[in-house]
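In what comes next, chain A is part of two complexes: it sits with chain B in the first one and with chain C in the second one.
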Partner chain A sequence: MKDKVGILTSNFYDPSGERLIYGGAERYGYQLTKLLLDLDYEVEWWQVGSGWEQELMDGVMVKSIPVTKSPYETMPDLNYAFLERAADIDYAIYFITFLAYPQVKEKSISLSHGIYWDYPTFDNLINGQQGREEWLRRLKIALTGPEKIVSVDTAFIQWVKATWTGLDHKFNYIPNFVDLEKFNPQNRREVLKEKPIRIIYPRRLTTVRGINETIRVAEVMTSENKDLEFHIVGRGHKDGTEKELMKWASKHERIYYYWQSPERMAQLYKQMDIALIPTKAAEGTSLSCLEAMASGCVVISSHVGGLSDLIFNEYNGLLVKPTAKNLIEAISSLLADPKQARLLSQRGIEVAKTFSMKQWRKNWEAILKEVFN
Partner chain B sequence: MKKNKLVAMMPVYNEADRYLEQTLEQLTRWVDEIVILDDASTDETANICQQYPKVHLFKNETRLFNQDETIVRSKLWELAVQRNPDWLLAIDADEIFSDRIIDEVGYYINQETYQAISFRLFDFWKSEEFYRVDGAWNPWHRPGSVFLARYHPEWDASWPDNVIHTGRWPLEYRNLKQIYHSDIRIKHFGWANAEDHHQKFLFYSQKDLEQYGKVQPHTKSVMALPNKVKLEEWFERKRSLKDGELVNER
Partner chain C sequence: MKLGFFVPNLLSWSGDELVIGGLERYAWALIDLINDLGWEVEVHQNGNSNWEREVNGVKVIGHGVAQFSPEAVVEEANSCCDKILYGSILQSPMYYKQNSIVISHGVWWDSNNFKQQRKEKMIKLCGNVLNEVDLVISCDYNFLNVMRSIWPGTTDKIRVIPNFVDLEEFKPSKNPTTDSKIRILYPRRLDNCRGTDIFIELANQLISTVDNIEILMAIDRNNPDKNKEIKSFLAQDQVKNFNLQFSEMPAIYQQADIVIIPSKYSEGTSFSCLEAMASGKAIIATDVGGLTNLIIDGYNGILVPPRLKTINKAVNLLINNQEMRQVLGQRARETAKAFTIDRWRQYWAEYLKAIYLK
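Let's look at the complex of A and B:
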């Protein structure tokens, strides 16, 4: 009989169970499931929902638990129900760090997708300063339980190490992956050679991803430079945001807003010159950043979360504090020196190779062997 | 690479003075075949359909939709799947996709990841410029509707036991797991003519009574007072992709 791995997450599907969410974390979940199946494990997902069950892929079920509360940014009811109800699993993976609070299966690994509390309104979620102590207590318990914690970036590891030094040994750094078979520079346009010059923002429309700064940059730069085209490509968390962006883009001749499936993004990047990843908070090692880089776009990013694990300023891209002014300056510096831009693009392609899916699978395989044996 | 076949299925009834020509004109540019079931029209509908070479026209001798929508939908389905489609498009004669579909449909029907594609439908209200956005009419807040789905010959094609609002897809197609929500918009002109409203309201009220025992809130909202109806003006968007390549058509 195969060993069974249970993976606990909050939302793989939306809580109604009707729609599959298809963001970066879910793409990670898919790849992790595929790897576990290849290693001959049986896999089962658990998440929030009314009790429905869905088949994610052949033989892989997603089961749901009716839970609504998330006090102090944890989900103890979900954690407890998983512990009790997924009784037949041999091993557990806690797909989000805080889901490992308060108790874990004996053989378990948890996953950190990066620091997620580095924005001003996070305090509101944990009842302000007075709730911070309780939130920290719970976070520490969540980190203490699992045998190992896989972190997608070094920023999270450094923060924990500086806060609770004794937890350092728990961590394995496995940065995110890029599928080089799909995302590569083959048949791409030469950077900054053809007009219009195309700049892409391949992210969700959220404040922490820097959408507001990008809007400002797009307006200013397209009005000053007739050769520039901006492509904002990604969905909003709210339908109303998508409407506003569509309306806004329709009023600007050289600004586009749309979204494409992850499969289609590879082809799109080949037709772009510069990629903006102006994250302000809550970032790990962004899949979009890796994919844009692997495809040969010159990446302009920020030093937030795990992005500085991917980009070395003026070596394989530019790292700036993500204000509209800084982003405009960074784009202008690339436009003024296409030769340097091409060098950054070339090095980006090289650096991206170290984040290959192959390497990511190898890293995960090693830790699974260590903990699940 | 194999190119999948897309067959559109469309029920029609007395569409000659409405949007049929516009719909067929555009559909012809992006689907392989159009299977039409004419529900005993008494106007020029059939003649218009026959002007389009991609159309396969079938006709009911007597009108069935006003008795039992499921009979019409299931018959249309049977006729459409006889054309050996890989993908099916379920569309009405007063629904028109934005032209971006012409650029992007090739990707949708030849990809392997998703079983169906959903879209936002905009209900034009008493005009062809303004769509309705109050309550359940709001296209931005309601989930997208599946218009395109991969055909599975091995699936059971049974239908719900409804006389109205039966849906466009057999039951098996209503719980698909991998649906891609497209940002391409669809204009629906079924409510664009104010003169139709009262008659439509009476028809749907009667059907609601037969099926649910009372008139549904959405049906009631057809006759909502003008101050309760919120409208938004349609805005055009640019086309940027053609077969995955960016184009600069403005």
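Let's look at the complex of A and C:
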């Protein structure tokens, strides 16, 4: 009989079980499942929901547990129910670090997608400074349980080491991946050669991803430079946000708003010159950043979270503090020096090759072997 | 304009000797830049008595009160200088002047040697710095990330300028050695935070398992006890011992096939790592502090957690793969081009003018 791995997450599907959430974390989950199946494990996912069950892919079920509360940004009820109900699993993967609070399966791994609380209003979710202590206490317990913790960036590991003593030995840094078969510079337009010059923002429409800075940059730059096009490509969390942005874009020449499936993004990047990743908080080794880089776009990214693991300023992109002013300056500097921009793009393509899916699978395989055997 | 510059140990406490270390090299490079801006620099530092020296045309003032209180040195410096630049964050609470810059050389408390309470103290201390000064210049993105995840509202004041390397001084050898020996270099101080213990254990394992291995130790003599401790290690035939003299370092790097930077904690964008990169060497570094801002695993070096097992695996991989060493080394040299001193000076000049000329 095959060994069975249970993976606990909060939302692979939205809690109603009707819509598959297809963000970065979910793509990660999909690839991890495929790897586990290839390694001959049986896989089962658990998440929040009314009790429904769904088939994620051939033979892989997602089962749900009715939980509504998340005190101090943890989900102890979900954690407990998983431990009780998934009694037949041999190993567990806690897909989000805090889900390993308060208790874990003996042979388990947890996963950090990066620091997610580095913005001022996070305090509101945990009841301010008072709650912070309790939130930290819980997070520490969640980190203490699993045998190994895989972190997608080095920022999370460094924060833990700066915050607590005695957890160092658990960490393994496995940066995110890019599918080089899909995302590559083949048949792409040469960077900054043809007009119009196209700038893409390939992110969700949220404040932490820097949408408001991008809007400002797009307005200022398209009005000053008739050769520039801005493509805002990503979904909002609400329909309203998407509508609003569509309305805004329609009022501006050469500013476009739409979204694409991850599959079609690969083709889109080939038509773009510059990619903006102006994240303000809650960032790991961003898939968008890796994909834009692998496709040969010149990346202008912020210096937040895992992005500094991917981009070295003025080597394979530009790394800036994400203000509208800095982004405009960075774009202008590329426009003024296309030769340098092409060098950054070229190096980005080379660097991206080290983040291949193959390497990612190899790294994960080593950890799985260490903990599960 | 006159700018006071607090550097705890630019000279020895007696004021008679130059101190050789990363922080001090950083300070001298900055002094050069400030002079080139046409400003006068006055260095204030720890002393075993009150003294005044002139070194390379720069006035250095030692404060004897350092024997009793490191904060008092800064207080005295604050009162002598209208405008002041703080060369590092002190490990005890003190008063920093407004309209000033403080330099962060990276997170220094990310170690198990720091008990929980001390870690919390260090974090609070950095929070205070962010409240008081106008700008913190950090040598790595790690400090910024850690601060943002603790004090998200105040990190607007942090700017990152990674450390630099001189590409002319440090460059690949034109005539690489062709014998069959594999030379592995440790170019660091003998210090727990630099992973000396890991390296020595690793070196001993390699000596007993790999033929034709040579261990190059470019280490300091600051601490005679530490040197004594490893005397028998250094005495082995396969170990070559160099004095860590800055002028000799370029040639030492050139001899090496593999350079190991096994830091365990308290690391920024290490000069040693940058110099090894500029020398075009295959580097194994740890995923600690600012090293992650210099090395991308598998691209221009190997990045591993600071453990004997992981470093051992990486070094064996490189020993048996000459082609990989070459590719990583070439890319390391290429990457070093993004860390030139010109670039470093350009960023620094901009911030110095923005803060001190307003």
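We take it that the second predicted complex is superposed on the first by the 373 of 373 C-alpha atoms of A that agree within 3 Å, B and C clash if a C-alpha of one lies under 4 Å from a C-alpha of the other, contacts with A are read in each partner's own complex, and residues count from 1 in each chain.
We adopt the following convention: contacts are C-beta pairs under 8 Å (C-beta built on N, C-alpha and C of every residue); 3 or more make two chains touch, one makes a residue touch a chain.
Everything quoted here is computed from the prediction, not taken from an experiment.
Model built by superposing both complexes on chain A: chain B and chain C fit together without a clash. In the superposed model, more residues of chain A are touched by C than by the other of chain B and chain C. Shared-chain residue A:Ala249: touches chain B; no touch with chain C.
Look at A:Gln346: by the touch rule set out above, it reaches neither chain B nor chain C. When the two complexes are overlaid on their common chain A, residue A:His303 makes contact with chain C while staying clear of chain B.
Contacts of A:Gln31 after superposition: neither chain B nor chain C is touched. Legend: residue contacts after superposition of the two complexes on their common chain; A:Ser70 is shown touching neither chain B nor chain C.
By the document's definition of touching, of the two partners only chain C reaches A:His169; chain B does not. Across the overlaid pair of complexes, the angle with its corner at the CA centre of chain A and arms to chain B and chain C is 160°, in steps of 10.
Once the two complexes are overlaid on the shared chain, A:Lys321 sits against chain C while remaining clear of chain B. In the superposition on chain A, A:Ile157 makes contact with chain C only, not with chain B.
Of the two partner chains placed by the overlay, only chain B lies in contact with A:Gln54; chain C stays clear of it. Taking every C-alpha of chain B against every C-alpha of chain C after the fit on chain A, the minimum distance is 32 Å. Of all residues in chain A, those touching chain B in their complex are 18-20, 54-56, 196, 198, 229, 231, 239-240, 242-243, 246-247, 249-250, 253, 256-259, 261, 263-264, 267-268, 271. Within the complex, the chain C residues that touch chain A are 107, 109-112, 114-116, 119, 123, 141-142, 144-146, 148-150, 152-153, 156, 159-160, 162, 265, 287-289, 292-294, 296-299, 303, 305-307, 331, 334-335, 337-338, 343. Residue ranges of chain A in contact with chain C, taken from their complex: 115, 117-120, 122, 154-155, 157-159, 161-166, 168-169, 171-173, 175, 281, 303-305, 308-310, 312-315, 319, 321, 347, 350-351, 353-354, 359. Listing the residues of chain B that touch chain A in their complex gives 107, 111, 113-114, 140-141, 143, 175, 177-180, 183, 235-238, 240-241, 244-246, 248, 250.
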